[in-house]
Structures are given as structure tokens and as C-alpha cells.
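Before I ask anything, here is the structure I am working with.
The first chain written gets the first letter, and so on, giving A, B and C; residue counts start at 1 in each chain.
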Amino acid sequence: MIRDITLGQYYPGGSAVHRLDARTKIIATLVYIAALFVVNNFWGFLIAAASLFTVIAISRVPLKFIFRGLTAVFLIIAFTFIINLFMVDGRVLWEWKFLSITYEGLQRACFMAVRLVLLIIGSSMMTLTTKPIELTDGLEKLLNPLSKIGVPSHEIALMMTIALRFIPTLMEETDKIIKAQQARGADFESGNLLSRAKALIPILIPLFISSFRIAQDLALAMEARCYHGGEGRTRMNQIRFHRGDAAAAVLLIAFLGVIIASRWI
Amino acid sequence: MTIEVKDLKYIYSPDMPGETTALDGVSFDVTEPSIIGIIGHTGSGKSTLLQHLNGLIKPTSGEIYIDGECITDEKKNLTDVRRKIGLVFQYPEHQLFEETVAKDVAFGPKNLGLEEEDIDRRVRRALYMVGLDYDEVADVSSFELSGGMKRRAAIAGVIAMEPAILMLDEPMAGLDPQAHRDMLALIKKVQRDMKLIILIVSHNMADVAELSDRVLVMSKGRIIMDDGPHEIFKRYDELSAMGLSVPPAAEIAQKISKKVKGFESNPLSIRELADDIEEFRRTKR
Amino acid sequence: MAYINVEDLVLEFSKYDENGKPLEPKRALDGVSLSIEKGSFTAIVGMNGSGKSTLAKCLNGLLLPTAGTVTVNGMDTKDGGHIWDIRSNIGMVFQNPDNQLVSSIVEDDVAFGPENLGVEPPEIRKRVDEALKKVDMYDHKDKAAHMLSGGQKQRIAIAGAVAMKPSCIVFDEPTAMLDPAGRSKVMDIIEELNKEGITVVLITHFMEEAAEADRILVMQDGRIIGDKTPRELFADEKYIHEAGLELPPVIELRDMLGMDKKILSAEELAANI
């Protein structure tokens, strides 16, 4: 179901993780993702996974909720796994015609899959524990220094706010359009690639028109509510660094150190 | 054409935090061409039921037979099902996509794999049925039509599949009074001329009262009442306990009988209520 | 002077042919004049395309007159310097509950207006809480907007307007896409806001809703063809028929029975049986 996609969803709560400044969480997530690519052995992954699950435990977001987000990207993970499995040369473990699995390939495939799983869980932890508006405010503040060289930080943040708000709406709309065209006998499942691509037209055009209607309505509604760019705007929730953020920063540096050290285990 | 629904159950995202029972043992059958109104609170399972009948959703358990043929069977070819059963979604005009009205109406028949000639005949007939002039609208973009006309063109797209059963989800929603009246007349005419079974989901009790030969009341995924409109709308208190209303005529009759001793009326329309009041005045005199 | 003054308002939409050449413009409003007093409750009825939504969008400067003037509290909507003043004074709620919420979370959306006005953060917090309580959605303040029902979304949109502390709110068919339960709740809130002193302009197809107003404007083809109290209007149904509208059921019954044209409610009607 479309509602199952957790990426970009927020899980309300008051845990220490929830209370962290959005900027801390954005930076921590970026550092975590980078760390995942520094890791090159079992121990490193163990440390990365353990750290992530500690954060999840502190956040009190149910595991069920987190894993549900993974089902949506299962195919991508499986695909990456298989590609890596067959594409690496080395000590052959198994062979059949032109296919062969090597020890190195198996290891690389497992590492890649674990890396992806941790990456997705890690980034969904950021969105699950941060209100969308805080996330975009945080992003805006982080990008602010760049606005001097012409990066439109406010506009980027607003675009993200609107995207996060309308993703579920457009997903529901897509679901409805698909069903409506199916009810008129449209077939999206059979035929060759070309006829399948053509079968998408009856979905894409109404979806496109819907998006335009939404954009038009929303623009009017925003104007009516006095939106006139980022200048002079205030925020209900001021994001501020607290002691928790300082602690998080220390832990983050420690984590990064351990991860780098793990390369030589 | 007959519909037989047996103990239909449907559970959304089973074993997940969002698990909800959308249908909880729905059974009913229809044997005659007629208009059947389905009413119920938002989330009572009305739309889910319609989507089951069209094979868009597979039930968790239970069966649906159309003309004695089981459509919930795993192996059943759904194109055949949809050939017999048309479903018009809420705001169907949002699904129009072709360059011209005629092409859009032809989309369904084309998917059925019909001959050009047959398709053309069906498009003409469907547009005629919904009260649009073929010569006037056929080559026009559907986006240039008025709201009410767009809706009718979208309905024509389903009628052109020449189903024996037509299901309409809130067909009157958002129309202005004139377009609303036109739509009521259209539904009656389509039913009469094409001898269809029409299932219609609506929140507008006046419309349900005016159109239906029979009314199903749904609550929490079950059918809790199944009777003629007079009998259903008599049960004023039960309906309002469920947060449902009755047709305005019945509501006014309620208010009057509270003030006027001995007056009783169970009207579906203002006309019926007026007749009852005149009758009451005559007997009192 | 009245709070809102509209004088000889004409609004035309430019049209172009396929080659981008200008065609005869479409006239959506054709000489509309009216004034709306502070604290009043005005309903505007008319068929689709009669110009009622266009008129609504002229009141807060979302559309600017082709000819004629619109003034709010003495400020001309054409005067660019006053436009934000005008819009913060005249809130607006639109038809589609899905397409007017900007933020994913309820309270953040309500805060959007005051944030744009540059209100101080603690004051925004206060206004948001008050507005949410007013529409009876305070318990949902942390919820995701897309998980709410249509009626609830519409109440959030109303809270969003209320949080800007406007003196007037224009409702453009706020109940057209709602179920009966959602509709009656939204109508209750609108009446409540009016009782608290907010000027209400309500555009609607539903005559029962228009009947709650002090005054009903009937529009057709970009003109106001009737400007009456509900009692006057329902005593003289030729306006209603002319505009392609429908009489409220009680009035229809009254006329079928040939009763006194002054009758407006079921109770009044019962007394005449």
C-alpha cells in the first residue's frame, strides 16, 4: 500500500532524539551516511548498526514502523545484492554456465546490502523524529551562509515543505487514477515494454493536470495568507542548539573516530 | 443479470499498525434491474464495497457472483468482469485524458478490443445517454466543457463499455443546483433505457430517496439495514444515532409532527409531504 | 463608509488563440457594486460561472479590477502598498480542503499566516493554540494533515485564517466537497465566528446555508441580480428560479401548500396547519 512508505513521515514523540535540533540531526545523518562508506569490514558494520539501533531505542519509534519503510525499497536492495554477487572476480565458490559466485562477491554483496539497509533506516530516523517544518527550517539555516553566493535557501526549504506535504496527496491521487482507468479496462500489466509505456499515458496526463490544479490552488491560498517570500518572516518554533545537541556532537565525533579506526581491525 | 455477495470481508494492511477491517461480513443480492442506494458514514465501507464488485480489490474472504459466475476466483479474468460492471469514481472528470471527448469515451470500448465501427456506435450512444450532443462535443477537448458536462462525459466513458451493472460513487458531489438536477434525471434515464442495475453511493439523502428502489445502510463495514426507501427513512432515530441524516422532507415532517398533534407522515419528497399535509387538513375539517 | 466597498467592478480575463493573438476577453464581472458592513454575514449564491468566486477573489486583491474599485477599510486593493494589510484583514478559505494546507503538520500549517506577517514567535504560538481551539481541532495539533478527513482539513484551513486575526473571512464554497457531518460542523464554526464579530462573506450553492446569513446576494452572468434578506428573497422566488438555483425544502413545501410567503421555518409552517 502507498501509505506504507515511511520515508518522509514523522512519528510524533518527545524523546531525546526528537528534541535534538534539526540541524544536528541533518549533519549527524550526513556523517552517518559518509561513515557507512568508510566502513570496510564486519566489525565496522557491527559498530554502525549497534549505534543506529541505540539511537532507535532512545527515540522509542517502534521497530515495526521503521522496517515497514524498508519493504518499499526491498527491490532496490535485492537488485544491488544480486549485481554485486555476480560481478566480482575472485575465489570461486559456485559456478553454473556463465554465472559464478565468488567469495569476494558474496562479501561485497552482503556489505552493500547492509550498507543500504542502514543508510535507509538512518535517513528515515531523521525524518521520523523531526517535524517536517523543523527539518526544512534546519536545512534553510544550514544553507543560509550559502545564500550570499546566490543559493536560494528559503525557497529550497519551502519547496521541501510543500513536497513533503503533497507527496501523500499525490500518491492517493495516483492510486485513484490507476483504479479509475483500470475500471475502464486499462491494462498495465501485459504487453511489451512499448505498449506498457503507452498504457501509462492515461495515468500520467490526469496526474499532471491534478498537480497543476493543486499548484494553482495552493499558490492562491498562500497569497491569501500573505506569503511574500522569506523576507520579514518569523517562525513559530525557533530552532536552537541545546545541551543535548552538544552531547550529540561529542558522541558523533567519537562514533566517527571509532568507525575510522575500525578499518584497521 | 444478478449480483450475489456472500460474507465479504476485507482487512486493510493486515498485521500492521494501520490494520483496519473495512468490510466485515457483507452479504446481499440483487436480482432485478433497479437503483440501489448505499448510504453510510464516511469510512463505513461503501466505496470499498464498490471496488470489490469491480475486482479492483480482492477480498480477504468471501465471494461475489455476477450472473452466477464467481468473480473473486483467483483465476478469473478481470477484463471480463469490468466489461459487465462499470464503476464511476467520485469526481470522475479528473480521469479524463484524451485530446477530444469522443476519444476519451472510446477509451473503455477500445480496451475491450472492439471493432472501430462498434466503438463509434457505442461512443455515439453513450454521449446520447448522458445528454451530450455528439456533433457538438465529439471533437472538442474535454477541458473546455463546463463542470457538469465534464462529469457527464466521464460517465459516458463508462457507459460506453455497455455494462449490465453501473456503480456510481457520489455522482452529484460538487455540482451546482442545475447540474445536480440534470444528473438526477440522467441516472433515472440511463437505468430505464438500458435496464441496468445501478448501485449509487451518496451522502445526499434527498437524492437517495428520490432515486432508489432499495436502500442499503452500511456501518462499520456491515450492512445493517436493507429495505425500501420508505421503510429505511422511517427509522429516523436509528439513522441519526449513526450520524446519518434523513431526506429534508422526512426531517421537516418530524418537526411538524412534534408541533401538530395527530399528524404523521413518512415522506421521501417534498411533494409527498405536501400531499400528506393536505390530506391531514381535509380529514381534520 | 462601509468596511468593504465595491464600485462598478468589472473583471475581464484575457484570452488568447493558439498563436498567442489576443481574443475578445471573457468578462467575469460586469459592473458589480456593493458594500459590506463590519460584523455582517453576507451570502453570495449563483450558478457555476456566475462570477461569485471571482468576486470573492477581488475582495482581498487576489484579482485586481479591470475597471472600478474595491476598497477595504478605506484601502484600495489596487494600491500595492496596502495589499498585505488588506490580505491580513480579509482571510480566505477555499473550496478544496486538500489543496490549501501548506505544511504537513496541523499546527505548523496554522502558523503559516502569522509567520508571513512577521508576528513574534510566542504570540504565534498563542494565536495558533487559540485558533485550533476555536475550530475544535486542538487535540489534533500534532497530526499529519493528510491523515485528516475533508471536514477536519477544512477546519484547519479556517484556523489558519483565524490565526491571522482578520476582521473579515471570505469563504469560497467551503462545504462543497464535504460530507454532511463535515458540512454542518463547518457551518457551525462560521456562524460562531460571525457571532464573535468577524465579518463573514459566504459563497455557497446550498440555500440552507445561505439562509443563515443576514443578507443574500444572487449573482448571474457577472452581475448581482438580487440583494435581499433571506426572508425577502424566499418570499419572492422568481430571483431564485431566474438564477437557476433551488429553494430550500421548507420554502418549496410552503409554496406547494400555498401558504403565507413570510414563512421560513418548519416550525412556522407547522403553526399554520
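Annotations for the structure displayed:
Heads up, the rule we're going with is that contacts are C-beta pairs under 8 Å (C-beta built on N, C-alpha and C of every residue); 3 or more make two chains touch, one makes a residue touch a chain.
Since this is a predicted model, take the numbers as computed values, not measurements.
Within the contact network of the assembly, the step distance from chain B to chain C comes to 1. Of all chain pairs, the one joined by the greatest number of contacting C-beta pairs is A-C. Once the centre of each chain is set as its mean CA position, chain B and chain C turn out to be 31 Å apart.
Centre-to-centre separation between chain A and chain B, using Cα means, comes to 41 Å.
Multi-chain contact residues of chain A (touching two or more other chains) are absent. Considering their complex, residues 57, 60, 62, 84, 87-88, 91-92, 94, 96, 98-105, 107-108, 111-121, 124-125, 128, 142, 144-146, 157, 160-161, 164 of chain C touch chain A. By the touch rule above, chain B contacts chain A in their complex via residues 12-13, 16-18, 51, 54, 56, 79, 82-83, 86-87, 89, 92, 94-97, 107-108, 111-112, 143, 157-158, 161.
Within the complex, the chain A residues that touch chain C are 9-10, 12, 131-133, 161-162, 164-165, 168-169, 172, 213-214, 217-218, 220-228, 232-238. On chain B, the positions that touch chain C within their shared complex are 41-42, 146-148, 173-174, 176-181, 203, 206, 243-245, 248-249, 251-252, 255-256, 258-260, 263, 270-271, 273-274, 277-278, 280-281. Residues 1, 3-4, 62, 64-65, 68, 176-177, 179-187, 201-202, 205-206, 209-210 of chain A are the ones touching chain B in the complex.
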